[in-house]
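This is the structure I want to talk about, given as structure tokens.
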Amino acid sequence: MTFLDRRTLLAGSGAIALALALSPASAQKKYDEGATDTEIKIGNTNPYSGNASAYGNIGKTIDAFFKKVNDDGGINGRKINFISYDDGYSPPKAVEMVRKLVEEDKVLFLFNTLGTPSNTAIHKYMNQKKVPQLFVATGASKWGNPKEFHWTMGWQPDYATEGAIYAKHILSNVKDPKIGILMQNDDYGKDYLNGFKQGLGKDNEKLIVELATYEVTDPTVDSQMIQLKNSGANVFFNITTPKFAAQAIKKAAEIGWKPVHYLNNVSSSFGAVFKPAGIEASQGIILALYRKDPADPQWANSPDIAAWKAFMAKYMPQADLRDDSHNYGYSVANTMVEVLKNCGDNLTRENVMKQAASLKGYEAPMLLPGIKINTSSTDYYPIQAVRLARVNGESFELFGEVQSNENPSQ
Amino acid sequence: MATTATTANSPVTAAARPAGHKWWIWLMVLLLALLPLLGGKTGLISNYGFLQLSLMIVYAIAVLGLILLTGFNGQISLGHGAFFAVGAYTSAVLIDQASWPYWATLPVAAIVCFLVGYIFGMPALRLEGHYLALATFALAVAVPQFLKYRHFEWFTNGVQGINIFKPDPPFGLPLSADQWMYLIVLFVAVLMFWIARNLLDSRAGRAMMAIRDHSMAASTMGVNVAHYKTVVFGISALYTGVAGALHAIIFEFVAPDSFRFELSIAILVGAVVGGIASLPGAVIGGIFVQVIDKYADALTKKLTTAVSLPLDLEPWTIYGIALILLMYVMPMGIAGGLTALWRKLRGS
Amino acid sequence: MEQLLQQVASGLANGAIYACLALALVMIFVSTDHINFAQGELSMFSAYLVWQLIQWGLNFWLALAIVAFVSFLIGVMVERVILRPLHSAPVLSIVVVFIGLLAIFHSLAGAIWGHTIKDFPSPFPNIAFAGSGYIGPHQIGMILVTIALLVALFSFFRFTPLGLAMRAAAQNPASARLAGIRVDWMLALGWGLAAAIGAVAGSLVAPVVYLEPNMMASILLYGFAGALVGGIASPGGAVVGGFIVGVLENLIAYLGNLLEKTTGVYIIGNGEKLTVALIIVITVLTLKPSGLFGHVTVKRV
């Protein structure tokens, strides 16, 4: 670290003390590496190649959205310089690219790096370097641990909470449930399963009559679906990524298995799941949502949906609007912009983190009515609420109240 | 590259015998060892730069493992990533579970990988060409599954992977962790290349190459082909496994997702592009593995902005074209190509 | 018992996928002696072409016929332009060229059509029939098409002069050349035919696994294993080998799960089925190196 850096850093920590008393806008201009009078540098990794490349659309959407922000004049006069590298969904590659972002490109912070394995690999590094790792694109529950990892924050509802919500819904709505589970054999799958088991409670774990796992390298999940059907399960909890979700839904219909079907939010996409699986076969599937489905007629007049459609038409005209990645990327990028606006002219890493942890009742575009983003220095889970919905025709039909596993006060 | 090359009817490539002692090689090693002082202090090479250098060396060791097997013994492997993973996990588990110091895990990783390679080498004896390719291909695909196997979870930590800590430089040396790691990696690499060179120069080395060039003739001359082949498989796995162990320590993290099939492909490509029967080829291959995707990525971005194409090119297109062109121009790899060029220049 | 039958049926259906790809692998092997690691991506690319034509309003079979022809031309071109100059290059250099081709076709598909999965229509009528709980109409169609392809290939090699010439060129290029066969064009023809078969394979696989650039990546290993276990030089063996691998894999998972259910002891399950299937395949190969239906080749020193 050069002398100059150290001085700005010291000045930065002084600004925190100031910021406690003053509103951010009235603070002086303070910068860490990656921020200047004209530019904010943001780093990101995404799997543009490899077996998770379908998620690459999230990175592309965020990139397009920041272009729009820049076209509209930037944030407090500063343009966003969004640098996104391909990590091929490989943890070592992610570490390498992230070190390049932090040490060579000198970004102010990382935003929406994707994947549980990749984020796990850079978790410690980011916190040692004290560079924010904001709004990561994974729902593992470990991202909300400000005591040990001050510089890392998730965004979407965590998998465990969501799993528990399904479990509770099953217990109170399905008579004599016998549960079959299809699970991707990795970190993400296990997180859902653990939350689900917690929601069931120790005594009810025996309700799970069959647990079938698959690997991302399996060509199909046909064999697992047959196994599940023959277990006699009348409830199906489907913990799969979009391609396998579509295969599972299609296969269930083909072999005539008609359980009460719960599907994880990861696959809440018409474009990538229900349309390929068959709209007919998808009817009645229950899943937790926290964002609006743009195709749902009840949001036809809602301003955020209209703004999203205009954005997509102008900046991503080729894209498939029914791919949920565009919806997700837009919403999370908006949250980021909100945080940066709140930072005012104090663009130190500490202040970015502080502002990210000071969102109060922020209604990011696309979020369902009643779901708000709340964070604090001890609450690093921005979105904690979901609403249950079922597939009805070519859109989702919401039912029930906004639910949250913890903090009922929200 | 002044290698005294002898041509033989090898299925792999013309045999290249390693060069004799060359003072300039040791001078280069010395310069490399002084880099943290020269480059690090002046700020010419950042910590990220040292990470890159370390990775190039690590991949060079891994590629060397494959080169010993394929280039000098004629056995093919599409699955060396498997041994890389075994080495990485051995090191990580010992550091994590038994709190061993990182340096002590390296010899253990070497021994474990030697045994795994040796055992795998036995059925491989009965398999040739495409069959061995399938068996090793299968090994590469199976190892990530194996790491997640339920009964191993207590030490592999299953899908979560294992977090470990990168060593700090000892005795308060004025080096960054990356610079220190670079020196360790360089030391290990020099040692292992030196051993490989001496091995190839020995009787055993000549027997290895005799088996590659004509296994039946070798066996009539009294070479125990089966014994040699399995041992070479073990040594090859050992090299690649030590590279894996170093990789784990550099990244402070192992997970099944880190060792997917792509890794095996990268090692194979490194070996062939570098020069399959050449020690300098291993170094070139290691550098190639480390830099190619970055260049492909950067070039793709430049192309996309320079020429307004109707579609977003992806880096793999450039990567693929680069591979084909390289094989087109230098079918014996870069080391082979340079040797041929050198000979042509001297001959004319 | 019920489940066992279903698992076997589903294994056969998956086996048809592997068999199709194995057939294309054998085709290139028979004519050029190479394992084409880019075969999966070529098939995937062809499947995208079919999808595109269907989007433009063509009927499935017409689209497939056009694409099979186009793929044939692509295959011939790949051989003539890219592989031709490398005829004397070492085997591993050729393998790297295949990896290069794989990367190019994979990334082009991603760049042109994106990475989101696409629905691919099945050409077979979706009707219920006795036993359709075991195996779907598309799966049966796929098996039938695979067998039809096999019969066509068999007749081609056995009864047509061109087929005979191709076999001669592959088995003994020197004598074939003396007999007036243009050996180099036979190689290109082999590539073309393999690419055309690959187009059929891709278009039959896509309705099951969905169309995306990674579609064939994991299937390649199965196809490769199937081709080898049946005997890499025998089209019939490759098809049988594909089915064997498909069924074997399902049976292993089934038995593993059954064991866990009845005794509570977990040894293998869904996570290990591929590994165990491959171990069995490789064991078979160590005992019978030319595959179940291959001929023993005598090596001359």
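Letters are used for the chains, namely A, B and C, taken in the order the chains are written, and counting of residues starts over at 1 for each.
Following the convention adopted for this analysis, a contact is a pair of C-beta atoms (placed from the backbone, for glycine too) under 8 Å apart; a residue touches a chain by one contact, two chains touch by 3 or more.
Since the model is a prediction, treat every value here as computed from it, not as a measurement.
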Contact graph of the chains (line, ring, star, complete, other): complete
Greatest separation from chain B - chain, by CA centre: A
Chain pair bearing the highest count of C-beta contacts: B-C
Inter-centroid spacing, chain B versus chain A (mean Cα positions, whole Å): 37
Intercentroid distance (Cα basis), chain C paired with chain B, Å: 31
Where chain A touches two or more other chains at once, by residue number: 49-51, 185, 215, 217
Touching two or more other chains - residue numbers and ranges from chain B: 141, 145, 148, 314-316
Residues of chain C engaged with two or more neighbouring chains: 107, 110, 269, 271, 274
Parts of chain B lying in touch with chain A, wherever the complex brings them together: 46-48, 51, 55, 141, 145, 148, 158-161, 163, 247, 251-253, 255-258, 260, 262, 293, 297, 314-316
Residue ranges of chain A in contact with chain C within the complex: 49-51, 53-54, 56-57, 185, 212-215, 217-220, 222-224, 226-227, 230, 242-243, 246-247, 254-256, 271-272, 275-276, 320, 323, 325
Chain C partner contacts - residues on chain B that touch it in the complex: 11-13, 70, 76, 123, 126-128, 130-131, 133-135, 137-138, 141-142, 145-146, 148-151, 216-217, 265, 268-269, 271-273, 276, 311-317, 319-324, 326-328, 331-333
Chain A-touching residues of chain C, taken from the complex the two chains share: 2-3, 6-7, 10-11, 13-14, 17, 107, 110, 114-119, 133, 136, 208-210, 212-214, 217-219, 222, 249-250, 253-254, 257, 269-271, 273-274
Residues of chain C touching chain B in the complex: 35, 82, 85-86, 88-97, 99-104, 106-108, 110-112, 221, 224-225, 228, 232, 266, 269, 271-272, 274-275, 278-279, 281-283, 285-286, 289, 301
